[in-house]
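So the structure is just underneath, and the comments pick up after that.
Labels A, B and C are assigned to the chains in the order they are written; within every chain, residues are numbered from 1.
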Amino acid sequence: MSSLFALSRDAEVARSQPAALMLLRSVVGTRGGRAGALLVGAVLALAFLGPFLAPFSPTAIVDTPFAQPSKAHALGTDALGRDGLSRFLCGGRTLALTSFAATLMAYLAGIPLGAFAGVRGGVVDIGAVAVSDLMLAIPSLVFVLVLLAAVGPSLSMVAIGIAAVEVPRVTRIFRAITVEVAALEFVEVAMARGETTASIVVREIVPNLWTALMADFGFRLTASIVLVSSLSYLGLGQAPPAADWGLMVSENQIGLTIQPWIIVVPGATIAVLTFGVNLLTDAFARRLGRSIVSGGVP
Amino acid sequence: MSPLLREIVLRLGAGVFTLVAASALIYLGVSALPGDAATAALGKDATPDLVAGLRKQFGLDRPVLERYGGWLSGFLRGNLGYSLPTGVPVTNVIRDKVWNTVVLAGVTMALLVPLAIVLGAVSALRPDGTVDQSTAALTLTLIATPQFVIGAILAVVFAVWLKWLPAVSLIDPSRPLISRPSILVLPVLTLLASALAQSVRMIRATMIEVLELPYIEAARLNGIAEWRLLLRHALPNIVAPAIQVLAYNVPWLLGGVVIVESVFEYRGVGLTLITAVQSRDLPTVEALAMLTTVAIVATSLCADMTVILLNPRLRRRA
Amino acid sequence: MAEVLDNHVGGVGRLSRRDLLRVGAAVAAGVVGTAEGLSVPVTARAQETPKRGGRLRVGSRGGGAAETLSPMRNVNEIDIMRTHVLYERLFAYDLNGAVVNQLAAEASSNPTATVWRIKLLPGVEWHDGSRLTADDVVYSLRYIATKENNATGYTELSYIKPADIRRLDPLTVEIGLDQPNALLPTSIAARTIWMVKDGTKSFDRPNGTGPFKFESFNAGERSVFTRFDGYRKHGGPYLDALEIISFSNETARLNALQTNEIDVMDEYPLPLAKTLPATGQIRLLRAPRAFTLTMYMAVDLPPFTDNRVRQAFRLMANRQQMVNTILGQFGVIGNDLFWPTDPDYASQLPQRAYDPDHAKSLLRAAGKENVNVSIYTADAGPGMLESATIFAEQAKQAGVTVTLNKVPGDQYYTAQYLKVALGQGGWSARPLTTQFAQVLNTTAPYNETHWRRPDFDNLTNQARRTLDAKKRRQLWVDAQTLLWNEGGYIIWGFQDNVDGYWTKVHGLKTSVARWLGAYDFTDVYLS
């Protein structure tokens, strides 16, 4: 774990953004980083701008079901005769938003929890670690499924559920970082000065977390994307007739042999998105000196 | 008490504690949520009176701790509750299917362990060599792709186009699962695709650390061949961390089993869980979530025990 | 081809053979019962000699853990399939939908149709080896006619007092009626009136007279049946075993057929039927206009309590688009009434047009402009989910918002099926009297539209009592006119029964009554 914080440790100097920006720039300098950024950018652009470019309404019936790709319908039609291209263009926005929202919520909850536990130590710390380990004993998907069974399929519950399963992992990482950073001199000085834990966390710890955040973000986001799309595939995310990449795969699976494009294109796009995120994450990891995987972090 | 025994007892105690805590998390957590078995059963047309009536019928008007106690003690005695729409005991519903999932997960693990170790070791031996680069590229791709995408594509390629394998893994309860290995191939391949990615990376990283240990360096300087180095000196050191890495993957694997069973209509507990969630059959969902946790904690305990027993000096985790 | 009901009535009030055929036929005119494959036409009876042996695997939509072996309480199509394989009825439908004898040898009534006598076929064996007698028939009919037993066939027999069902001799049953019923055989031909052995209390180990005997059953998974060598017909069955496998996922079911994990599937997905190669290993069977997927509005639940709202909903359904998209060449549009091929169908009523603007104004007049409703739906029937989705899209033209309340396919017919304001149902062709008894009379077990109208009941009951065919037809038409003007059904189309099978399977039949020749595997053999 130690080398993860190489930058933050060495840089009492580097107390905030400058270190993060440097990292960012150096990552984009690598081939992998550039490729990853490009792929992610392309897919996100597709997801958010797509709805404005769709030639038809995603729910309008335009032709017979499972029509082959043609000039009028670049991706053919789906199981109900709706335009494949339009549904594809409209199908990424919710996926992207929900995944980002879940990841963001995980950080909003996990970072303060981890930092707090790391600074406070003692019972609070042990408690936080115990609860995290507990959550890690239940598979992420199963946990979210349990929540959805209780509340019913709902997009907000999906986001909350995914955030909930990511929080323990985030907490662990940031607790570990905090413990290391807290041992640094300037923090000890602040504690000696009698500053409150909260103030220490905000003013001394958090600014040093940016680099770790950037490195970890990729993992969380990939996990979120895979979970959101899998839940959509299972019909537990957005309800029909919404256009959704994961849902498109399961809705049209019956016509796979006749019209594979309507399944392959959304599925591949999800894969491209997570692949791009992974490339970026890997680039960050290499820049930080060592593969993050060594400590068993993901 | 010998230190070894104490260690084992401690681990067992921690395991039990985790299980109890997990059960509380599952049951009480669900109770804290807005929905419950009654609203789930009535769906969109739940009126307050109907809900109240049904709650009484399900015994949901009793205090939550009392219900939790009842559920937990029932669980320990083998009563997993009653499936919602039909009232059939959950044990009946999953009885034949638990074995199917065990076989699926077991076969996957049995293939995963040697494959991950071999690929991880070879990659580590020659970092950035051809094997390493290509494995890394492949794993990076696979780790990204959601399992339902991998599964659907494999199904089309192998079942519909090549016609080598069955597209759905229908299990015939009257014949032993082993008699029809072909229905396991695609689900296992799909699971392996993503699980391998994770495990190979971890083993590779651990292997690299091991290879940098001082005494390995010393042996290398003494002129011992790389391969012998690997087999006789490095590998034994990797067994313990490898076991832990693979045990770490089990929760992830069980999550994957749920999706894969759905894609291939493989009649295991994963598919049952999905159907139960879709019909909001809370008792079944809670029972299956608990079972999954039991499996994970048990595997984790076994892994820990094996590590301890293999090398009594490894008391503390890395 | 149809065996005709013999009629020994003498004197006044004689029912002619033609009358009985007419009142019994559900879908008669111009419909051929033999299979119309899309590719090479397959005849019902194969030319070569059938081979004994083999195991046929049929894949059908599962009903989950709620599946049952009981012939008295089946709702899911797969349960109905099993019942057809194990049990038989007094009367049944032939491949054209006409009522024919099955276990009954002849049926006759007195001139006022208040007393019926049914003679049974001699020498029919139960699976346990005993002989079918009048006691069994009396027991079965009484069981169904007793309200407390909650049999799905209760409504068919609700007008019969159990005590009035008597055994006359070992092979003759007499039924006394308070009111005349010219259509008793038609009533009893309903797919809910099965013959079980005298004294049967539990149906877990089925004992029937059907061509296959029970071997095993796993609810929601599969059931296995073996050839009954004592079956009353000569020739079949030829198969050693029949396996019916439940699927909760339609893609998996189709894949299973494509890779020959199953040999036969009923309800082949229509959008994919046109792409099946004509000379492939998988062929299609087709029975025209055999099934309808309806949408129903409960007339006693908001917002459908106001007839203007119901009319508006009927007007905003673009039937042609639904047929084109979902059925393709395998169906025709409907006029919110059952069974256009029934001789007593009210064909004089004009076809309701597609008029979203008129719908809008009706809604405005009713104060329900831009109303918001949810439709209860699932992947529980061919085209069910698709039609709900398309209807929701079409509703937008009239300013109406319809959201989909989707449940898993094998849960559809449990929880809320008969309790929602807007839902869907699927019906195979059957005589009007049976259809109305099952869904529209006040005591109907599947009263989807919650239609409880004494005037309607009067019309239909009178029709059932009327011996004169012309007068009877007028009564049916009056009843249908009531439904057309005020009813809760949106019947947008009628579709063909399409089944898929591998070419090595011979002897399958088609029928308008149900898929796979009303699940008749008696003459099936494998090559």
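Quick note on the criterion: a residue touches a chain if its C-beta (ideal position, glycine included) is under 8 Å from a C-beta of that chain, and two chains touch if they have at least 3 such contacts.
These figures come from a predicted structure and were not determined experimentally.
Undergrad: Average the C-alpha coordinates of each chain, average all protein C-alpha coordinates together, and give the chain whose average is closest to the overall one.
TA: So the chain sitting closest to the middle is B.
Undergrad: Taking contacts as defined above, which has more of them, A-B or A-C?
TA: A-B
Undergrad: Would you mind pulling out the distance in Å between where the CA atoms of subunit B average out and where those of subunit C do?
TA: 45
Undergrad: How many Å are there between the centre of subunit A and the centre of subunit B, using C-alpha atoms for each centre?
TA: Their C-alpha centroids are separated by 22 Å.
Undergrad: Measuring centre to centre with CA averages, how many angstrom lie between subunit A and subunit C?
TA: Centre-to-centre distance between subunit A and subunit C: 51 Å.
Undergrad: Which positions in subunit C are in touch with at least two other chains?
TA: 258
Undergrad: Mind pulling the subunit A residues that touch 2 or more other chains?
TA: Touching at least two other chains: 235, 250, 253, 256-257.
Undergrad: What are the residues of subunit B that contact at least two other chains?
TA: 155, 160, 278
Undergrad: Please output the residues of subunit C touching subunit A within their complex, sorted ascending.
TA: On the subunit C side, the touching residues are 250-251, 254, 258, 269, 271-272, 275, 321, 324-326, 328, 385-386, 389-390, 392-393, 403-404, 406.
Undergrad: Using the touch definition up top, name the residues of subunit B that touch subunit C in the complex.
TA: The touching residues are 41-45, 83, 85-86, 88, 93, 96, 155, 159-160, 163, 166-168, 170, 172-174, 264-265, 267, 271, 275, 278-279.
Undergrad: Using the touch definition from the top, list the residues of subunit A that touch subunit B in their complex.
TA: Those residues of subunit A that touch subunit B are 130, 133-143, 145-152, 222, 225-226, 229-230, 233-236, 246, 249-250, 253, 256-257, 260, 263-264, 267-268, 270-271, 273-275, 277-279, 282, 291, 293-294, 296, 298.
Undergrad: Which bits of subunit C are touching subunit B when the two form their complex?
TA: Within the complex, subunit C contacts subunit B at residues 64-66, 216, 218-219, 221-222, 224, 245, 247-249, 252, 255-256, 258-259, 261, 374, 405, 407-408, 410-411, 414-416, 419-420.
Undergrad: Going by the contact rule at the top, pick out the subunit B residues touching subunit A in the complex.
TA: Residues of subunit B touching subunit A: 18, 21-22, 25-26, 29-30, 33-36, 40, 140-141, 143-149, 152-153, 155-156, 160, 198, 201-202, 205-206, 208-209, 244-245, 248, 251-252, 254-255, 258-259, 262, 273-274, 276-278, 280-282, 285-286, 288-289, 292-293, 296-297, 300, 318.
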